[in-house]
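Here subunit A shows up in two complexes: once beside subunit B, once beside subunit C.
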Partner chain A sequence: MTSLGAPILPTSIAWGLLAAFSILWVALGWWLGRHNRTAEDHMLAGRNVGLALATATAMATWVTANTTMTAPQLALQLGVWGMLGYSLGALGLILFAPLARRIRELMPEGFTSGDFIRLRYGKFTWRVFLVVSLIYAFGWLVSMAMAGGVLINALAGIDYRVGMTVILTVCVIYTLLGGLRAVIGTDFIQTIIIIAGAAFIAWLTIDKVGFEAIHFNLLDERPELLNLLFPAAIMFLFNNLLFGVGEIFHSNVWWSRAFAFGRNVGFRAYLLGGLLWLPIPIVAGFIALATPALGINVPAADMVGPLVAAEVLGLTGAIVVFIVVFAALASSLDSLLAATSDLVTRDIYRGHIRPRASAQNQFHATKVIVVLLGLLTWLAASYRGEIPIVGSLAELLYFTGAFVASAIWPIVAGLYWRRANPAGAALSMILGSTLGLISYFAIGFYVAALVGAAVSLVVMAGSTWLWPRPFDWGRLARDEAPAGGSRA
Partner chain B sequence: MTISAAALATIVVIATLVASLTPILLIALFIRDWKKGCLW
Partner chain C sequence: MQIFRALLPLLFCLPLAAGAQPAFDMPPERSTAGGFTLAWEAEEPVVLEQATGPDHGDTRILYQGGDTSTVISGLPDGEYRFRLRAVDADTWADEATVVVEHHSLARAFGFFAVGAVVFLGLIGAILRGRPRD
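Our next item is the complex of A and B:
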């Protein structure tokens, strides 16, 4: 029987893997970003990323440590619907495909999601959006850093803060060196590693345990996990669907890619990336259902994936999981660092502090902000457990659900409804986030996004119907055209 | 209502098959883009 009592990977091997992959990512980051000369090169990789790299980066960014560690956790807690519900997160990528095309058409020179909200809805809504977006981005960054520390500690016995610091530092360095080009280039390799590793563990679990044994033991010990009418799990399924859509629709991680992908690439890349992402949570999550058959004691739900892999595959399993989760962490952390630093640079630094900042000023500011974001994330993740809301990975992740789901309708309406009301957009985010948070604490983590999205829809649709405000789409391209040193 | 072992197996095997083929597809796309000079 395996438990979390002792590390399942020798510390020396873990340090070797950490060193090898850290050197690889940093070297690649430097190499890919060596020709970056302008803010546009650094922030948007030259705006002409092809289909292969675009699809891989969409997948890699969406396959986070939350996918590789939380998908098994949710399968363990919510059963079959837990892993199926998580896989519905793919709909966020798929539904963003037409939005990516529209964004590129409306704002060929755009940089961030904040640019769009400011031009479409005005400054007040823009500021509300920045609060929502930055809370989410920071929550995601901290959850990634925490996942890194937890994983390294559980697998190799390396101190939580040391492991978390190493992963965060590596990602900050290569994002700093290569910008989005480094992020996208490393994402391609990380995608291959993550998916091949997860599939490898799944095949061996199927081979060694078998579905009959898994099913028989679950029926005996945890029959609710096989129940297709498990109420909390069904609510989770819809909540996760909306959470995923909200995350992708509003976050600059996905908008910056829409601006960076080649002109006819965005739609196909997001669609293909979503379809290929769909099975990953099932592959990563199903192994948790094998715990009763394997007789594994799971003291911490978010460590069930690594525990099963180590039980089934021994040292090889521990090594594969370590590499997969390190790649998953890096692929999301780098994207978040790059996209959030772009958002802070464009919308806080240039938007609020130095409106006349030149392209070169922004280029340097982006780099400083990446380092500052890394430091802030390190501070928050260092005090894991001492901050009341920062509990398990899933709890932290879904805490941000209320915020992101409330941004879905303002984004959709802003892109497609000519008469969308700007004040309604701000109010829908404020009320959606507030009521979503109340439901998070009053009912449970699995309803925050559901309530946030529902309230936001009612306010957005109602305000637009009652007080329509016609908008000229051409303003988005005109007002964002290079002028006043905004670009190189 | 409980999911059967066969249904569970079908879902997981299909998902694992697709995941296994994905790296091959991505590498093929990469080679195609590289040959056409449109990686970036």
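Our next item is the complex of A and C:
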């Protein structure tokens, strides 16, 4: 069996690739963001992003470390259903298409998802939402930083902490320089790299190993991975779907894009982005099923993707995987850094600390917060494997699933139900997260989001039916307090 | 004298550490998803074997090399026995037994049904497309 003893990518090549792409992203970040003058430029790219860039950023941001590295992990742990179930995450993007249109209609001058919750449900629910949203954002940031370190360690043998630090630093720098405009611009290039690279790897894997060998060895060594009645995988299917929906519906990553895309662009961009994303996890996950056929030892489940690709494809494969995953990581890390710093700036800094902060204050605060988020992420990711929930990528990711899935119904009801109850919205997030977490520890990572979403539905629908609270939709546009629109 | 007393336990440990046998690091006892990670502590390459019976009659080598963990997955219900030794040793250094007992299909489809209801409810709420008055 192959082991980690001999990394396939020579260290010098790995450092060369790291340096080349780091320079490329940082230079692009500077170039794309050089005309940013206001917080609105920095945070929402001028609110006029066109369809091609909008589709690319939707798709590339959703192709994350989780897609390129957790999809193979889930294929290895939950088999065929794990791989197909992961691709159902596309429904999150597709279902967000009509929401993006509605968000733009209701809040033409909106900034963050937190703005919407505050205006729609009031301060208490807003604060609960911020806790949920920030726990998720931080979990996602840490999982991607971890993925960067794991990737570089698996392929090149470079120390996990060193690789993680380099990738995180690069993303912080170019997000800092260019804001959302840089994020969207680099996403476009990263999308092309991801699609071309993933297709190349899948084609070579099938060509070199063959379906028959993969199937025979799975049946012999890991038969449950081919079993369509694999219980944990069946439980996982809707869990993953609802996790994806929860991630997208609540997260400011997607709301900031809904505000940034030009009028009538959001619906088509999210729909197309979802359809383009659908096959990526299947392609990325499939290669993990070749593990038994190749006789590869997988020391940690989240390393399986890079290990298999590098083993099958040799040096060329290792280089392609390295570039694809680096692009996927960067496209998501930057988006999340930008969107989370916007949320913290608007909803924590301006909402709770300095309500009278000027546009210039917020512009500077956004940049300081990007750096602080980067530092906190680095600190948490440094303890991979030493903190129980920061064990593997999937464990960390699905831990946050309980939180985000509980926010699905407060968002949907807030956008479409005129009588949605604000207290019910807060309670649905609190109870959904609590029971989701209990199920995470009592049953498994594959049910946390499902339980969170189900509890959230029951509480939201029940409270609205029993204690309806009519709402004037016009308030969302009237009460928006523009911030950062003036020149700094 | 006090220094000697403090160092005495360490002196006893040194010969043990030098010749330490590979040993499993907190192996799981049970799995409901047919998979788990087996980790071990070893100073040199190891041989890891898997079998389903106490006599290791159907044994097969799962791993041989210098890594210190392996991910096992896709196992059907059953009792699985693992044993570990250094590559150049003749005797097995450590053993572990893991019972795989998958969730029942009734429970699995129960969660599936709940998920389907939530998902269909979501589609319904969004497809209405307009605020309800």
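We take it that the second predicted complex is superposed on the first by the 479 of 488 C-alpha atoms of A that agree within 3 Å, B and C clash if a C-alpha of one lies under 4 Å from a C-alpha of the other, contacts with A are read in each partner's own complex, and residues count from 1 in each chain.
Here is the rule we use: a residue touches a chain if its C-beta (ideal position, glycine included) is under 8 Å from a C-beta of that chain, and two chains touch if they have at least 3 such contacts.
Quantities reported herein were computed from a predicted structural model and do not represent experimental measurements.
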item	value
Which superposed partner A:348 touches (first subunit B, second subunit C, both, neither)	neither
Touched partner set for A:229, first subunit B, second subunit C, both or neither	both
Which superposed partner A:238 touches (first subunit B, second subunit C, both, neither)	second
Which superposed partner A:212 touches (first subunit B, second subunit C, both, neither)	first
Which of subunit B and subunit C A:198 touches, first, second, both or neither	first
Contacts of A:368 with subunit B and subunit C, given as first, second, both or neither	neither
First, second, both or neither for A:454, with subunit B first and subunit C second	second
Partner chain in contact with A:52 - subunit B first, subunit C second, else both or neither	first
Common interface residues of subunit A - those touching subunit B in one complex and subunit C in the other	223, 226, 229
Complex interface listing, subunit B residues touching subunit A	1-6, 8-9, 11-16, 18-20, 22-23, 25-27, 29-30, 32-33, 38-40
Touch list for subunit C against partner subunit A, complex	32-35, 37, 63-71, 73-76, 102-105, 107-109, 111-112, 114-119, 121-123, 125-126, 128-133
List of subunit A residues in touch with subunit C within their complex	1-5, 76-79, 95, 98-99, 218, 221-226, 229-232, 234-235, 237-239, 241-242, 245, 297-301, 304, 408, 412-413, 415-419, 443-444, 446-447, 450, 453-454, 457, 473
Contact set on subunit A toward subunit B in their complex	45-46, 48-53, 55-56, 59, 80, 84, 87, 181, 188, 191-192, 195-196, 198-199, 202-203, 206, 211-212, 214-216, 219, 223, 226-229, 262, 276, 278-280, 282-283, 286, 289
